[in-house]
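In the two complexes below, chain A is the common chain; its partner is chain B in one and chain C in the other.
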Partner chain A sequence: MLDWSFIGRYASFFVNGAWMTLFISVFGIALAIVTGVVCAAIQTARIPVLRQLVAVYIEVSRNTPLLVQLYFLYFGLPKLGFVWSAEMCAIIGLGFLGGSYMAESMRAGLQAVPQIQRENAYMLGFNRRQTLVHVVIPQAISVSTPGLVANVIFLIKESSVVSAIALADVMYMAKDLMGITYDTYEALFMLIVTYLIILLPISILGTWLERRFDYARR
Partner chain B sequence: MQGANILLEPGVFPRLLQGLWVTIWIAAVSVALSVPVGLVCGWLMTLRNPVIRFVMRVYLDFIRIMPQLALLFIAYYGIARAWNWNLDATGACVLVFILWGGAELGDLTRGALQSIPEVQHETAYMLGLSNWQAFIHVILPQAVRRLLPGSVNLATRIVKTTSLAVLLGVVEVIKVGQQIIDANRFQYPTGTLWVYGVIFLMYFIVCWPLSLVAHALEKRWAND
Partner chain C sequence: MTETTERTGRDDTIALKVTDLKKHYADAERNVFDGISFEVPKGKVLVIVGPSGSGKSTLLRAIAGLEPIQGGTIALDGTVIETGRPGNEKSGRVKRSEELRTKFGMVFQSYDLFPNKDVLGNITMAPLLVQKRKKDEVEREALELLERVHLADRAHAKPHELSGGQRQRVAICRALILHPEILLLDEITAALDPEMVHEVLEVVVELADAGQTMLIVTHEMSFARAIADRVILLADGRIEERSADAEEFFTHPKTERAREFLHSFDFVRHRDAQAERELREFDAQ
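Right after this comes the complex of A and B.
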C-alpha cells in the first residue's frame, strides 16, 4: 500500500514542480500563439517568400520531436555563441513546436469562412479591415477553438519533456524523489495526481470554451 | 565549421544510422501492435454495454490526459515492480506506445464506425448480405477510408514520441549521439551542434514522408 506520510513530506516538491510546469507552459503557449497568429496571417495573406518560409517552418516543427529540438537549442546552439538559460530554451522550444500547431488550427478556421461572406461584407460597404474584424475573425475563432484548446493541452503535456534539460518541473520532481527515497509508487502516484490537478480543470475549461464559441458551427 | 568534421570520423555516421534503426524498430513494432489493439478498442467503444463503455472511457481519458513521459515512467518504474515483471526500458516503451496508440486508434476507429450511416447496414441486409458480409464488404471499406489519414498521423506521433525512450536509458539515436559527443568532446568541442543537428534532420526525414502521405490521403478522401 502507499505510504501516505510521503505526501505530507514531499507535497511541496510537487507544488513547486507544478509551478515550474505552469510557468514554462504559459510562456511557451503564449509564444506559440503569437507565432501561430503571425504564420497564419502570412499564409492567409499569401505574402510571397515569407509564405514559403512559414511552410518550411511548419513542416520542420511538426515533424521533429520536442526533445530533439530542446537538445539542439540547449546543447547545440551555445556552440554557435547563443547561450540561453534552460527556462529560455524550454519556452522557445515549446513556442517553436506549438507555433506550427497553432498556425494550422488558425488557418483551418480562416479557411472555413466561405468566400461569399467576404463578398457580402464588401457589398454592404465594409472595408477590408472591417470585414476581417467583424465578419471573418469571429467565425474563424469559433471554428478553430477546439483545435486551439487541444493544442494548449498538448503543449502542457509536452512540457514534461523539459525535465530532460534539468528544469525542475513535475516530472523532474517525481524522478528525483524516486531516486532519493525509493518510494516509487508514492512518487508516481503524486506525479499522476499533480498532472490531473493541472490538466483536468484546463480540459473542463476547454470543453466549456468550445461550447461557448460554437456559434458558427450551430 | 570544422566541428562538422565530427560527422566524417570513421564509424560516426554508421553508428547514428544504427541508432536511428533502433528508433524506427521500436516505432514500427509499436505501430504494428497498436493496430489490432486499436481495432478491438474501437469495436468495444461502439458497444452499448454501460460497464464496457465506462471502462473504455476511463482508459482513453487517462491515456490522453497523462503526458507520454509520465506514462513511460509509470510503466518502467511502477508496473514492472508491481507485477514483478522483468520489463526492460525498450519493453516499457513498446508497452506504453501500444497502450497509447491502441487508445488513440480505438477512438479513431469508433469515430469511423459511427460515422457510417445506419442506412448502409440496412441496405446491405436488404440485399441479402449476412452480418459478416455486410461488415466486410460495405462497412469496412468505408470505415478504412475515414480511419487511414488519422492513423498515419498517429504513426508519425509515435515515431516522434520514441525520442523519449532515451530518458529511460534505451540506446537509440539520441543516446548514440550523446555517446559520440562525449567521446569526441576534446577533439571536436562544437560537435554537439552537428550531431544534434543531424539527429534533428533524421527525425524529419523519417516523419515528413508520413505526414505527406497522411495529408494526401486526407485530401483524396475528404469528400467521401
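Right after this comes the complex of A and C.
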C-alpha cells in the first residue's frame, strides 16, 4: 500500500518541481511558438535561401532527441565558449524542438485555406495585410488549433528531460526522493499526479479552443 | 455580330470592353483564347454559354484580375485597365488598386463565405475595411440587401447554418454592397441542389430588372433565355456565335455549333418514336 504520510511530507518538493516544469515549459513553448510563426511565414512566403534554412532546421529539430539537444547546449556549447545556465539551455532546447512542430502545424493550417478565399478577398478589395489578418489567419487557426494544442502538451511532457541537466523539475524531484527515501511507489504516484494536475486543465482548455475555432461545428 | 458600331475612343454606354484577349496558362500546350473581343453595355446582361472546358471561367477570372492575360486589352467604363503582355503566365493575381478591384463583383460556383463571420459580417467586412464607411450606414445597407434576397431574418446566422442557395444569395449581397460596375457570375447554381437553383436565379433576374450590369456564365438555359440581353457561345476558346437577340439565339441559332450545343440540353426518348410508329401501324390496321 501507498504510504500516504509521504505525500504530506514531500508535497512541497513536487510543488516546487511543478513550478520549475511550468517555468521552463512556458518560456520554452513561447519560444517555440515564435520560432514556429517565423518559420511558417518564411515557408508560406517562399522566401528563397531562408526557406531552405528553415527546411534544414525542421529536419534537424525533429530528428534529434531533446536529450541530445540539451547535452549539446549544456555540455557542448561551453567548449565553444558559450556558457548558458541550465534554465536557459532547457528553454532554448524546448524552443528549438518545439519550433519545428509548431511551424508544421501552422503551415498545415495556412495551406488548408482554400485559394478561393484569397480570391474573394482580392475581389472585395482587401490589401495583403487585411487578407492575412481577416481572412487567412482566422481560417488557418481553425485547422491548426488541434495540432498546436497537441504540441503544447507534448512539449510539457518532453520537459521532463531537463532533469538530465540537473534542473529541479518534477521529474528531478521524484528521482531525487526515490534515491533518498526508497519510497519508489509513492514518488512515482506523486509524479504522475503532478503531471496530470498540470496537463489536464491544458487538455480541457485545448478542447475548448478547438471548438471555439471550429467554424463549421460551433 | 454585335449591332453597336465599333467606334474608337470613349463610349459611355459600354461598361466592359474586351478586345483581342489572349490567354495562355503556364505549361499548357495552347492558348485558351487566341484573341476574343466583346463588350457589355451598361445596365445589360451578357450571358456566356458553352461546353465545359471552353474557357468560360478563365474569361471571367481574367476580367476579374485573378488571371494575368497575355494579349489584348480590358477596358472598364471606357478606360483600359489592363493590357496583356506575353510571358506573364506565372505572375498570379494581377496588381490592381483596391478601388479598381471593387468595381468587379464576382460570385463563384462554390459557395464560400468567410466561415468565421456571420452573414452580416460577411457582407459588411469589405465596406468597413476597404472603403472605411460608417458602421451603422453599412449595416443598414446590408440589411436592405438581405431583405432583397429574402434573408433578412438570417443576418446573424453563421455560414454553416445556411443552405447552399442561401449562401449564394449572401455571396451576391457581399458583392453588391460595393456597388460594382459589373457583376461576374460563374455558374453560381452549378453546385446547388436542384430545388435551390430557382431561389438564387430569381434574385439575379431581379438584379437585371434593376439595371445591374452583369456578365453571366450559366448552364441553366431557361434562365439564360429569360435574362440575357446578349448571348455568346464560347467553344474551344472561340466565340462561335454571338447574338444581341437572346430569344432568337435560343430558338433559331445561326450556327451548327450553337444548334448542337443547345440540342445537348434536350432529351429525346427514342423508344417513344418506336412506340409511336407501332401505334400508327396499329391504327392503320
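Heads up, the rule we're going with is that the second predicted complex is superposed on the first by the 215 of 218 C-alpha atoms of A that agree within 3 Å, B and C clash if a C-alpha of one lies under 4 Å from a C-alpha of the other, contacts with A are read in each partner's own complex, and residues count from 1 in each chain.
Operating definition for what follows: a residue touches a chain if its C-beta (ideal position, glycine included) is under 8 Å from a C-beta of that chain, and two chains touch if they have at least 3 such contacts.
In this text the structure is predicted, and so the values were computed from the model without any measurement.
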| item | value |
| --- | --- |
| Touching partner for A:S142 - first (chain B), second (chain C), both, neither | second |
| First, second, both or neither for A:I7, with chain B first and chain C second | neither |
| Chain touching more of chain A, residue-wise (chain B, chain C) | B |
| Partner chain(s) touched by A:M123 [first = chain B, second = chain C, both, neither] | second |
| Partner chain(s) touched by A:A41 [first = chain B, second = chain C, both, neither] | neither |
| First, second, both or neither for A:L22, with chain B first and chain C second | neither |
| Partner chain(s) touched by A:Y215 [first = chain B, second = chain C, both, neither] | second |
| Touching partner for A:P114 - first (chain B), second (chain C), both, neither | second |
| Touch list for chain B against partner chain A, complex | 3, 65-70, 73-74, 77-78, 81-82, 156, 160-161, 163-164, 166-167, 174, 181, 189-190, 192-197, 199-200, 203-204, 207-208, 211 |
| Residues of chain C defined as touching chain A within the complex | 64-66, 93, 98-99, 101-102, 104-106, 108, 110, 112, 114-116, 125-126, 129-131, 158-160, 174-175, 178 |
| Contacting residues of chain A [partner chain B, same complex] | 59-60, 62-65, 67-69, 71-72, 75-77, 79-80, 153, 157-161, 163-164, 171, 174-175, 178, 184-185, 188, 191-192, 195-196, 199-200, 203 |
| Parts of chain A lying in touch with chain C, wherever the complex brings them together | 114, 116-117, 119-120, 122-127, 130, 134-135, 138-139, 142, 215-218 |
